[in-house]
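In what comes next, chain A is part of two complexes: it sits with chain B in the first one and with chain C in the second one.
Moving on, here comes the complex of A and B:
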């Protein structure tokens, strides 16, 4: 973990779980695996507090525990998972995606699971149904079965997955299964943990739960279907729903796959046209569940299959589809590749190549915005031609020598361009040395990713600062809102209400509006940077995997 | 035995004879003679002998070898240079020869010094002398503005010396390049748009959005924005900058011999393309463009809470 990442993790932990958890979390991130005693000693917190913090972290999969390194019997060691903590940044996007795909119910299910880490299906379904019912009009209520059907849909599409049973971890003493839930979001995890993750996957999604939930659901609905309001109060009662011990968590990897597919589709739409992007969308959707998350390309699909799966509303005749596919294959971006001739041509989506292209476009865009379009021209030129001398750069880019030199050196000083010296003689005399400029995409992407982390940390920092500055005002407005709400509930007269409203003066109101605007702006900027982070992260993990 | 002797004699006498005949022939046809013509005049000459004679003349510097569309041409070397050099000493001749060898690329005075082993002052004097006689000229190179190269007076300087169409008086005309770059892009874009509006099948649409470099060249020539004559190569370099700008793509296809704009049986096709990404999220924040990004730390002199860029951005 780099300093920037730890700093960002700390901020995220503070925002979501408070300062104590932040302290323990960052400590663990900085010092690697540690046992309870060392943590207590080094953080100067009470044992109880540390235990609670660790509980929180483990519950959210941000911390894993292993048997001590000194062999059996040695104290358990805790290890924080930074990648998992950084996922917090993307929560809003996961929730939004669930909303677009599965409506409000899906949104709330994901939100619930994200907020609580590991939850059983029955309790999620109950809470979600309660919350939805509360927002509905008087006298209406939502059936549990609807929520649980959405839940099972989410499981079917792998957006949710079962946490491997904790009991196995406890009894066998093998920590690997316990670690598995924490790592799926991080394919870069240590090699030793990778095999158990893969092993535990098949049982993670598949049928056992579905049959289980089916039973659980039937028990649920008649039991307390009539009065949801009460059910909320009596949450997590001791009644058995048949799914005790089976906890669920959000499958981040699957969400990332979805984001990646969306990114590819929108890239195709930008580059080619809407219809081509729909074809790519169809191919991606058909292979959504059959392709493994780390595959370099999707499973080959024949033209016939693609043709049959195209949404009828698009009305693309067969020969036009053929043309579109040929065009997609011919495109230099190579989003789509041809795998064979059988069945009217087999086509794949080159996922890794697409990610590399997207990452390259991201780098180019960063250079373009930061240093201007002429520097971007040099940058692209170097990406394309690999190694070039200064003179060649000037000639190819058609930029006057003086400016080109300036731009090259600026890029070099920002580590976006590298310089390779090739001496003709061993003394490295400048007159007898070739100086070749080059761009290394992967290290550059890594560096920019760190910049992104720092940027997000800065934005959060600034947001905290803004809210801190206006703390008094915020508290006041909250108090007044509370008073208003209680007055409204008790049926107060309009004059009374307006009187209370006037307690906030006009300039104060203005200030609040400005603050709201600022915070919104910072929030949306965080999400935008996260999109860059996502593309760079997936590119880096895809290239290091292959 | 006698026969052999005779043959040997003719062999001995012939080379000089043949050379003379060839020289005569050359004088008759000052624009040059071909192999075929020599064969016609000297039908009994064996190819080997002919080659030997020509080689000798070439090595003596009396004959020039040239190439035209129909094949090789031999021409008598003009002795004008030698006549011009009348009245000059050996040193001057030597320097002249060195400059002549350098051709239209020119040669730097320091390199003349190395090659001739004459002192620099002497060389400067000779160069001045030759220049005043209009035998040589000095040309400023674009590669190094202070470097003067010398070449024969009647030569057209090489592109590497003048920099081609993009330089006027050693200055790179970046505005000119930029204008051409924009015009080319406009051309490709309008073509792509027309193709898109055509509402044809995707393949036809793509193909009609492609433009050959010849078409672009013609368009630019007809626009008349350029004072100098641009060649196809010049336009291709401009089009290449569009590729590096991420605004165009190039494909190469094989062309039939004689197609307009084909080079070595290939036609380069260009088309305007759109970027695959909007500006990425990072650069939409002030930090993505911040010049003091690396000096920024919470609690430091430069920090997110006190950031002026952030203030401006938030109040925008």
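Moving on, here comes the complex of A and C:
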């Protein structure tokens, strides 16, 4: 992992899990796989704290453990996964997607799973039902079966998956959960040579048989007498729902597939029109489950199938559909390709090409916004023509020589453009060498991705700084809000309320508003940079897979 | 490097665009400024409902994470004097390690499990006092008493080093299992407000001292 990535991971861990987890996590990221004793020794924390931190990290999938490198019998080693920690940036996007697809219930289920890492289905359903019941009116409550059905829909569409077992050989029933990692002499872990991925577990999308009947409960204001008796009674009854030990986690890859599809559809809509984007959306929807995440293109679909699956509102005749498909195939962006002639024409969506085009558009837009449209013209030229001499750049870009030279040197100093030397003679004499300017898309994308990580880290640091500066003011306003709330709950008069409100003066209120504005801006900026990070990361991983 | 005595640059070729005698930009003498002046102003953020909702979700999520047991804070600042009531105070964040550590019931034998049910956590004190190291009883979580190997490890380690204050409570009570912890904490006969040492009394409203408090 690069220094920027580790820095960003540390900040994310600090905000979401506390400083102790940050310390352990960044130490593991920097030094690779280590066993418990080494971590304790090098971080100068107590064994219990380190164990707790490792538990938290494993619970959230950010840390895995394997047999020690000296073979079975040596202490287990822990290995942090930086990529997984960086996903924390995208959590709000996942929750929002679940909301758009499955409503408030889906939103809360995903939020619950993201907050706790690995959860059983029954506890999720209960907590979500209770939370939804809280917000409903008096006397209404949500039945568990509604939440269960949303949960099963999420599992069917692969947005949720089961946590993989550890040590597939030594588990019973194929549904054993991951072990608590702080047990060094774990027999099951020793049996496996490598931790299995979630996908390799054959039952990762099967729902367990769960008996879950009931309705959501509202949290009551505690009254003394009756509650004690209820409490005692509740303590006695232990509820088990038949899914002990079956834990679920969010399937990030599936969400990423969905985001990628959305990006392609909106790109087509921007470049062409709404109908073409609907056609592409139909093709992608039909190939959702048949396409693997790393596939270069979707499975070929015939025009007949596409025609049948178009949404009912788009009542376009068959020949118009053919024309649209031809247009899409002929487009230089190459989002859609033709794979054959049977069935009226077989069409695929070229996923990797689409990602490459999206990444290229991102790079061009970055250069345009930082250096101006003429530098962007030079950049696009070099992307298209690969290698050009100085003179050729000036001619093709139609920019005067001096300015073209300046712009090229600026881009060169920022490492966006590289210089390639082609010697005519083996002694590389300058007068007898060609100097060609070139742009390599993949290394440039990697470099800009690291810039994005650094940007987000800077944004988080700034937000923490701003909050720290105004800590006293924030605490005061929180106290006043608490007083107001308690006064209102106990039915105070308006004079008392206004008196309390006046405790915070007008300039302080203004300062608070400015602070809130800044914090919101910084948060929103983080979300936006994360969108760029997603496109660049998807592009880079698509090139490494192929 | 050019030959001796000749003052030519290593490459002064037109192909890179530097012609003879042209003034080159001045050499850089110091690192670039920390906040350089930008020629192009950056674009404004995309606003809109979706962006605002995402921001709100993000902030809510951060706030919610602070209250969960997986947010680990090191031992809180010590009070000035150790008080007897500290032992019986509820911790703000309940360290429910057991509920969210994936239980390994199948590994424990039946006898171990029944043994575990009677063991409990003990809040081990910071150094500086005589620490009773035995383990007192602590009521277990009602959802089937999920005891893990992790807890067993912790018991052993707490015997070894009782240095930090690790009050191991169970996971926060689920809604249908609300009970007043006050009564059943630490097998005392007194309710928890008995041990309240009055430090929190009247601490909220500092400025409303003109109202008499009875």
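Keep this in mind: the second predicted complex is superposed on the first by the 478 of 546 C-alpha atoms of A that agree within 3 Å, B and C clash if a C-alpha of one lies under 4 Å from a C-alpha of the other, contacts with A are read in each partner's own complex, and residues count from 1 in each chain.
Going forward, a contact is a pair of C-beta atoms (placed from the backbone, for glycine too) under 8 Å apart; a residue touches a chain by one contact, two chains touch by 3 or more.
As the structure is a prediction and not an experimental result, all values here were calculated from the model.
Enquirer: Once the shared chain is lined up, is A:358 touching chain B (first), chain C (second), both, or neither of them?
Expert: A:358 contacts chain B only, not chain C.
Enquirer: Look at A:307 in the shared chain and tell me whether it touches chain B only, chain C only, both, or neither; answer first, second, both or neither.
Expert: neither
Enquirer: Between chain B (first) and chain C (second), which does A:377 come into contact with in this model arrangement: first, second, both, or neither?
Expert: After superposition on chain A, A:377 lies in contact with chain B alone.
Enquirer: Report for A:56: first if it touches chain B alone, second if chain C alone, otherwise both or neither.
Expert: Once the two structures are laid over each other on A, A:56 reaches chain C alone.
Enquirer: As a test of reading the superposition: which chain, chain B or chain C, is in touch with more residues of chain A?
Expert: The partner that reaches more residues of chain A in the superposed model: C.
Enquirer: Touch test for A:46: chain B only (first), chain C only (second), both, or neither?
Expert: second
Enquirer: After superposition on the shared chain, which partner residues are touched by A:111: those of chain B (first), chain C (second), both, or neither?
Expert: A:111 contacts chain C only, not chain B.
Enquirer: Which partner does A:366 reach: the first (chain B), the second (chain C), both, or neither?
Expert: So A:366 only meets chain B here.
Enquirer: So, A:403: does it touch chain B (first), chain C (second), both, or neither?
Expert: Only chain B is touched by A:403; chain C is not.
Enquirer: So which bits of chain A does chain B touch that chain C touches too?
Expert: Common interface on chain A, chain B vs chain C: 369-370, 401, 521, 525, 527-528.
Enquirer: Could you list, by residue number, the parts of chain A that touch chain B in their complex?
Expert: Going by the criterion above, the answer is residues 267-268, 270-271, 273, 275-276, 319-320, 323-324, 326-327, 332-333, 357-358, 361-362, 364-366, 368-370, 373, 376-378, 380-381, 384, 396-401, 403, 448, 451-452, 454-455, 458-459, 461-462, 465, 517-518, 521-522, 525, 527-532, 535.
Enquirer: Spell out the part of chain B that touches chain A in their complex, as residue ranges.
Expert: Going by the criterion above, the answer is residues 166, 172, 174, 177, 181, 196, 201-203, 206, 237-238, 240-241, 243-246, 249, 273-285, 287-289, 293, 296, 298, 303-305, 307, 310, 313-314.
Enquirer: Which part of chain C faces chain A closely enough to touch in the complex?
Expert: Contacts found on chain C: 10-13, 15-17, 39-40, 42-43, 45-47, 50-55, 57-59, 61-62, 64-65, 68, 70-74, 95, 97, 100-107, 139, 142-145, 148-150, 153-154, 157-158, 161, 163-164, 166, 174-180, 183-184, 204-205, 207-208.
Enquirer: Under the definition above, what is the set of chain A residues touching chain C in their complex?
Expert: Contacts found on chain A: 15-21, 46-49, 51-53, 55-56, 59-60, 91-93, 95-96, 111, 114-119, 123, 126-127, 130, 163, 172, 176-180, 182-183, 187-188, 216-220, 222, 224, 227-228, 230-232, 234-240, 244-245, 247, 369-372, 389-391, 401, 405, 408, 430-431, 433-435, 479, 482-483, 486, 500, 503, 519-521, 523-528.
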